[in-house]
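Below is one structure, written out as structure tokens, with a few remarks after it.
Every chain is named by a letter (A, B and C) in the order it is written, and numbering of its residues begins at 1.
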Amino acid sequence: MAMTGAQTARPAAGSATIFGRWFMRHPGAARAGVVIVLVVVWEIAARFFLDRDFISPPSTVAASLGELFRTPGVPSALWLTLYEIAIGFILSAIIGAAIGLAVGLSRFAHQSFMPIILLLYGLPQITILPIFILVFGIGAPSKIAFGVTHGMFPIMIAVAAGVQKIEPVYFNSARSMGASRWHLLRYVIFPHMIPSFFTGLRLGMSGVLLGVLLAELYVSTAGIGYFTSIFTQNFDATKLIGLVSVLAAIAIALNEAVRRIELHYARWRD
Amino acid sequence: MASAQPAIRVNGVSHQFGEPGEARHVQALLDTSLDVARGELLCLIGPSGCGKSTLLGIMGGLFAPTTGTVAIAGTPVRGPMPRDLAFVFQESALFPWNTVLENVVLGMTFQGVAKAERGPRARRALEAVGLLDFAEHYPAQLSGGMRQRAALARALSLETDILLMDEPFGALDEQTRMVLGEDLSVLLSRSNKTIVFVTHSLGEAVFLADRVAVFSARPGTIKQIIPVDEPHPRKPSFMTAPKFHALRDQLYGLLHDEIRKAISESAQPRRRYGQAGAAETDGGHA
Amino acid sequence: MNGDWRKNASHRLSSRLVQAAFLAIVLLVWFLATTKWGVSRILLPNPVNVWHQLVDIVASGAFIPDLRVTLGELAVAFAISMSLGVTIGHLISRSRYWIRVFEPLFAAIYAIPIILFLPLYVLLLGLGPASKIALGATISFFPIVLSTIVGFGHVDRRLLTAARSMGANNIQMFWYVLLPAALPVILAGLRLGFTVALLSVIASETIASFAGLGHHIVDLAENMDTARMFAYIVVVIAIVAFLNAVVSKIEGRARWR
């Protein structure tokens, strides 16, 4: 016998129409509707009310995407960024998994090194970005390195946790059947580690994205940062919004891809 | 002398959740009528899902019935009536972030009692249930039985004529239930409160009630009302009296078929409540 | 299992030793790298120099003007995101339907690196504090609104029923039931929002600003004053850690659960 308290009248009062009822059943459609309404508001506001130097309507942004991609240097900067993300992600995965395994497998190693890892993970890494640029230069290596430092920790921590969580009964039963250390690694540890590994990968991808983008935006003499800087200085709102949108789309796509992969591989675990 | 007008009059109440044809549709109550006399303790007993908790909620104005009317001392019920009736729920609905005393005071704040009155009244109520020493404790620090006593104290402090209790001892162990039941009987003899008490337990119903209203399985309706002729306060020895056993057997006989019916019905899959959107009550769980 | 207790204690001691050794080795390598092994002073400053600079910065209070700028931006950004986040979150939480519409939307936006919006804000608001505030508010809005929605949305309905049965009006419902019940979750969200706002403000100062703690580090880097830069970084990390600890303490105090 539950009451709803703050929720008094049903929303049905205002949506007596068939149209309204359909929206009630499909919150996903309502969500899309909200986004569409926002875009329309943006369009109208930018077209008629706001200063073109500062904001551009979405229709203009969309129409000039072609021009954006034809701007010399933009496509290569985008590709370079993608390349940095990819390499950074792979390196994070390898380093994260390796160290995570090493730390997770030994209780002693876990006790000793996990606090250090957590401490480093908790540092505001943005403060050391200038060091990375100083050491690695303004090209791809610094962006990759900064991406790796952001992405490897979640993977490390997730893998270590996953390995730690393996029930001793699995080890005992395998060993009682004569499994060697290699067997244990391949047939007990590895399969158990997989779901945690993929969860870590999802977080790691967010980290790599953040690290690479931070570094790219910071360096205003090359890469994406050069173009954001130029477009800002020239008050080219159209191209700037276009570039940011493309990058956002890339980030969303990559995040979604890793999330799907995680769902697929983490299925057997709760 | 009890006045002729009943404390609570339920007239032709039916209630359904959802519309016919919807997956979550449930006919909780069907054409139920009932008079509760002033100063009596009436038990509502029946199988799971028979609508007794729903009826209690309707009596208390928590929601309106699909058809039918309820009147409290002649006044039609249109919403919660905090000055006329107080609830005690099964899972003590004490606020975990307030102390026991604060909880009792808060009830009076909601009801609209004058500020100066609240403290003294709260302490009197806590003393009546034997919890005065625990006034500064938090609910999490108390046992289940003590929490329900605190909930009872809160209801008592509101000084309403009517108490509506929805399986208040349901979550407690047998021994605590017996003790609290005895205390409630003592309380009843001292005051002139009208109490409507929902329970699953046959023994509890016979021990506490002046009358027991037996419900049928869903859709719930009152099958029969059985009087229990024994003055309050009732002693524990009542529970071994032949009269007690006879009444208990009579109840069991009435309920047996209904319980079977209810069990076979609940074996059918029901859609999970709460998924269909806002403002849902859980369909007829009583 | 009493043997375990001894084993655990000795394990804890030796792991502490390992950690201390790790730290010692790092410091030693650092020292050797800059003195004996001839790593360029510009890339890696001498730890002794860094220490002197650190003492100087702290003693002279050279970081205070920058700290004021950063804290000012943080305060305004957080004030905005907190008021907007809690208000909007509460409004949405009142209807299951709107929760289902908006919660996934907010969660999806939160997943993008919102730092991408910084150039847009700089275009709109310039290089001054306004763009930092805007970005900080934008980023920290999301954890706050999400935790508010969850906090208010998951209040135990039995408590609401009980309050209504006792005659509570809507205002009393909010103050005495909804808010206290939702508070632990909301506070956790506020703490996260605070941390995120602080980091965003420093990040945006690093990327595009002419003042503040983040900017000062960049300034020192551009002047190749690496010893002082390292020292400054330590100061900033300490400030961040301190602020986060304070906020954690406040959250801990205010929670009843």
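One rule holds for everything that comes next: contacts are C-beta pairs under 8 Å (C-beta built on N, C-alpha and C of every residue); 3 or more make two chains touch, one makes a residue touch a chain.
Predicted, not measured: the structure shown is a model, and the values here were computed from it.
By the count of C-beta pairs in contact, the leading chain pair is A-C. When chain centres are defined as mean Cα coordinates, A lies farthest from chain B. Inter-chain centre distance (chain A to chain C, centres taken as mean C-alpha positions): 18 Å.
Averaging Cα coordinates per chain places chain B and chain C 49 Å apart. Chain A and chain B, compared by their mean Cα positions, are separated by 53 Å.
Contact with two or more other chains is made by residues 62, 277-279 of chain B. In chain C, the positions touching at least two other chains are 95-97, 158, 161, 163-164, 177. Contact of a single residue of chain A with at least two other chains is seen at positions 1-4, 7, 11, 24. On chain C, the positions that touch chain A within their shared complex are 11-12, 14-15, 18-19, 22, 42-43, 94-97, 100-102, 104-105, 108, 111-113, 115-120, 122-124, 152, 155, 157-158, 160-161, 163-164, 170, 173-174, 177-178, 198-199, 202-203, 206-208, 214, 217-218, 220-221, 226, 229-230, 233, 236-237, 240. The residues of chain C lying in touch with chain B in their complex are 95-97, 158-159, 161-168, 172, 176-177, 180-181, 183, 256-257. Residue ranges on chain B touching chain C, taken from their complex, read 60, 62, 80, 82-83, 86-87, 89, 91, 93, 95-98, 106-107, 109-112, 158, 277-279. In the complex of the two chains, the chain A residues touching chain C come out as 1-7, 11, 24, 27, 30-31, 34-35, 54-55, 107-108, 111-113, 115-116, 123-124, 126-131, 133-135, 206, 209-210, 213-214, 217-218, 228-229, 231-232, 235, 237, 240-241, 244, 247-248, 251-252, 255.
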